[in-house]
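Before anything else, here is the set of structures, which you'll find just below.
Next, two complexes with chain A in common: one pairs it with chain B, the other with chain C.
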Partner chain A sequence: MAVYKRTYRRYDGPLTPQWSRFLVLTRYSLYTLFDSRPFTAFVVLSAIPLLLSGVLIYLSHSPMARTLLQLPGPIIKIDPKFFRQVLLNQGWLAFLMTAWAGPGLVAPDLANQALPLYLSRPFSRAEYVLGKMGVLFLLLSAITWLPVLLLFGLQAGLEAGWFKENYWIMGSIFLAGMLWISVISLLSLAISAWVRWRMVASAFLFGIFFVGAAFANMINGILNTSWGHLLNLGHLIFGVIWPKLFRVAVDAAGANPHARRPHLPPGMVALAPLPIPLWQACMVVVVACAVCLLLLNRRLRAREVVRG
Partner chain B sequence: MNQAGTGAHMWITSQPWRLWGHQIMAIVRQELKHNFFTRRGTWIYLLAFGPVVVFAIDAIQTPGCAPCSLDEDTSLFAATFQLYYMRFGIFFGVMGIFAWLFRGQVVQRTLHYAFLAPLRRELLVIGKFLAGALMAIVLFGAGVLLSFSLVYWHFAARGYDYVFHGPGLHQLAVYLGVTALACIGYGAIFLTLTIIFKNPIIPGIAMLGWETFSGIFPAMLQRLSVSFYLKHLSPVSAPSDGILALLTVVTEPVAVWAAVLGLLLLAAAALALACARIRTLEISYSSEQ
Partner chain C sequence: MLPIIEFDGLTVSLGGREILHGLSGALRGKAIGLLGPNGAGKSTFINTLLGFHKPSKGTVRVHGRDVCNEAMAVRRTIGYMPENEAFIAGMSGVRFVRYMAELAGLPPEEALERTHEAFFYVGLGEARYRKLGTYSLGMKQLAKLAQAIAHGPNLLLLDEPTNGLDPPARLRMLQLIREIRDTPGMNLVLSSHLLHDVEECCDEVLILNDGCIAALCNLEEERKANRKFLELETTGDENAFAEAAERMGCECALFSRGRMKIVLPHEIELRQIYQLASEKGVQIRRMNHRRDSLEDIFLRAMEEPMTARSAQAR
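What follows is the complex of A and B.
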């Protein structure tokens, strides 16, 4: 048949069910990510701290192994604090992974005006975001809460009666992991949609957490307050929300060695700035996520008005 | 030996230094015009002037500051300078400024115009570096100057005495000098990273880690970080805290001239590497973004 006679014909092949269409994007994005050998190596390396934690759990329950290694007594107490610490370590690895992979998911589509091509398919904007976020959710879950739950299972299997007293930690691990994944995924997608340049998006993501923390400490130090922490998303999640989830004591949020000491008459002791309350931390995190969704809603359009 | 000396002298005198100077100045002017005041750079201004806002709020909250102590506020400013400006503010600001110099042109697909111009590529690197350094020094220098002024301004007469009849003015000069050196040192390294790597942020973050934790390494390795020299130049030392304070390897104090020279040599080595790399740089716009 001559090429000019090939006119429009409706696709009559099998259709992907509506509910799972976003997974097509997830699948192809994952293929692209794992094409990079350094990225694959990073994913493998991020399992090392988990393996070490598993060894610690095993050693703390095996007197024979401890005797063999000439270690005196139990090495570490396996409690909610332990699981929080393991999840925290994995959380920072997840952050690095997001800074690497996240901006590359959306920015190239926007920079190369590829979004109309996606949205001309039977595919909504929400499904596009869901598909891209699915990549991060799968990857980050695989190195955060999922393996930590396996460690929890290992501990529960090794110590009789422990599960009955600590089953609630499973929920804490899941919720804490999902909270962190949601926040960093939304941030990375929103920033990359906003700046449209992978490199700058990665830098912004680091800036939000590192410069935010430095700025927060500076405010707390100079103004002798703890309100500065409201700018520090890392502290709000790891230092306020997670301790509540894991039922461990909140670190003194206002503690700052560089803070100006209030000058009081002799005999009076200054009160330390109060830690940030849970509801305020939650509100800031929700507002940050809402702003990210608004940015995505504004930037991810099938058409674009180009200025100048 | 004499022949070699004569050869070097002849090579030096035969180079078109005046033309190169004009070309570098033209690049500096062009870069300053395009990049100094832009909406894109808003976050860099925030990094530079954020502490100014906080110190201004403090000054307004405690006018006259009768109960405050000069020593304590001097130490507070030193901590802000060393922990905020040196470690994060200048680091990320300079990263933004210098990464944009080359990679920005790649994103805008205009770098080939610069490469097609009858101009040595090394001069392009030097011109862009000078423009970036100038921008960073002016912005962060102004931030440090304003913060310093606000710290002592709210002490009224006591602050005036401390600055103009005490050690204040000398401290301010040193802070500004350290800011300039930080911009030059970090700038040279970031410019080199943007030329070597497509995405310089990941090596940049590795560098942030190195700069933060280099204090726990032996003295010899510490000399390979910018913060080592800057730390020794700071007029007031900030108290260190946390686990890093326990692990820090205390090095012998370095003379001011040695610290300045060491940092400038580090920057020169990084720039020389960038100049060598740019000669073989090929542009591939399609693989960016």
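What follows is the complex of A and C.
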């Protein structure tokens, strides 16, 4: 056993750079998350759709493999739509992962009154948020845009000349992935800061997307409009911003499907509501992120001040 | 000598209410006791030193650095042991303290080595791999002390470190505090309700009352300069005895059933009091002879506003 000095010594040795301190928090939070076996299993399982996508890309470029598997012709067209779909699938897995990991990031620190311990050190609130967000950014990047970029690389390697025409997809994958990760990370951290119970916090995150979507459709249906989608963050990101990023046309992107009225009398033309403009969708997403930061700023304090 | 903590017109308002009212002073002691009744502003003062609360007026400096403008530099030199339970959930003791040391800027290997040292130093060496949740209250206090010292700060802020400790654990904690205090270049601030703890560990004391400085004094100098007290129980004409004592230069306070308290000037000997009692035909049934204690200083400070004494201490 090591022999340790049993006196108090001041420390005058080298210190780590200030900019890297938030990574300590990220590292320890990741250790804590991966202590859970179900969580580790979930991370591993979320790579399966990516592997299948990789196999699809390979099969579409390997006639020999297709012959061996007795598959007729190219089974799928590898285009921006394909990458968007893969990223969308991974995006929902990332959402599930956030609902699992996010609520446990800030709430326990608040419940155990640990913030004074963090903030009594040369460590700011911004670094705290950055450190906690870093956990989600790393985890979610590892199952969203990073592997999809690898798939892009695989496709570019298998088809000569394809990269030259489609290199812009790399930027789209990165931006689309980061946008989704930023939104769900900020939402889950803000919820975690305000809701103490993990299950309730996860339910709240689901509620924001699914109840928001239901509410948006209700407004659209009743008022024959598309503006209700402004309450549907999922639609704004997947249905308005992503199609623009991937330059794909989505059926009535942003329009209200309920507004098509086949039962209208002959001669009357139903005016389908206009889709949500891109700038408005971006604006709502930015406002949602700003509200999350505001909520975090209000909650993450070393000492809570009671007014009155 | 540069003061450890210096505050000038320090006013702190929280939730629209002024908690600290324009405090001014300089603390130079090796171990500074922070005393005051509940709601006096002790915790607010410590939180302001840590930069948790911004002064609405005035300045506060630690080691000559402004707490507001150079918060990171100030915190680099501080170790803080909070009053209430404050932990990171689900961690073992060693991981918790290492984590805290790394957040303070220590490289991982150094942090781990110093964490082990800190645990052995506070006496939790054998329990360092146990989960914090399984620690007793006394062990948690020691773990909090370990995280406060693991990164080797120059100034230790201890907020009620002996809270909830049994007598042996309390003695151990006080011994540790004294050892840390005696380390060269080390200073500490000890906030406590327990006068005895402050008296045992501190050489300077700041007494707060209702957000104002009630007293700011060097305990050593106070002890040397303080007058001697006599607590007497007498029978006979105690009024005549008290008047005669006052003519000699003593200060007297009479209580019921012949009890009185006399403050003796330096030049008056105890023998003269006996002679006076004999002359006045007063029987002394009981006599308690003692010097001024921190308790007296505290009680006096609670009765009177900031006196010339505290101004002198500045």
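Observations, loosely collected:
Note that in this section the second predicted complex is superposed on the first by the 276 of 308 C-alpha atoms of A that agree within 3 Å, B and C clash if a C-alpha of one lies under 4 Å from a C-alpha of the other, contacts with A are read in each partner's own complex, and residues count from 1 in each chain.
One rule holds in what follows: a contact is a pair of C-beta atoms (placed from the backbone, for glycine too) under 8 Å apart; a residue touches a chain by one contact, two chains touch by 3 or more.
Because the structure is a prediction, the values reported are computed rather than measured.
Shared-chain residue A:Trp279: touches no atom of chain B or chain C.
Measured by the number of chain A residues touched, the leading partner among chain B and chain C is C. By the touch criterion stated above, A:Arg10 is placed in contact with chain C alone, chain B being left untouched. Shared-chain residue A:Trp197: touches chain B; no touch with chain C. Within the superposed three-chain model, A:Phe210 lies in touch with chain B and out of touch with chain C [touch as defined at top]. Within the superposed three-chain model, A:Asn112 lies in touch with chain B and with chain C [touch as defined at top]. Shared-chain residue A:Trp19: touches no atom of chain B or chain C.
When both complexes are overlaid on chain A, the residue A:Ala302 reaches chain C alone and has no touch with chain B. Put simply, chain A uses residues 108, 111-112 to touch chain B in one complex and chain C in the other. Interface residues of chain A facing chain C in the complex, by the touch rule stated above, are 2, 4-16, 18, 21, 24-25, 28, 32, 35, 108-109, 111-114, 116-124, 301-303, 305-308.
By the touch criterion given at the top, residues 14-16, 47, 50-53, 72-73, 75-76, 78, 80, 82, 84-91, 95, 99-100, 102-107, 110, 113-114, 116-117, 120-121, 125, 147, 149, 151-154, 157, 179-180, 183, 185-186 of chain C touch chain A in their complex.
Interface residues of chain B, counted against chain A in their complex, comprise 43, 47, 50-51, 54-55, 57-58, 61, 67-69, 72-73, 75-76, 79-80, 83-84, 87-89, 92, 95-96, 99, 103, 107, 199-202, 204-205, 208, 238-239, 241, 289.
Those residues of chain A lying in contact with chain B across their complex are 99-100, 107-108, 111-112, 196-200, 202-204, 206-207, 210-211, 214-215, 217-219, 221-223, 257-258, 260-261, 263.
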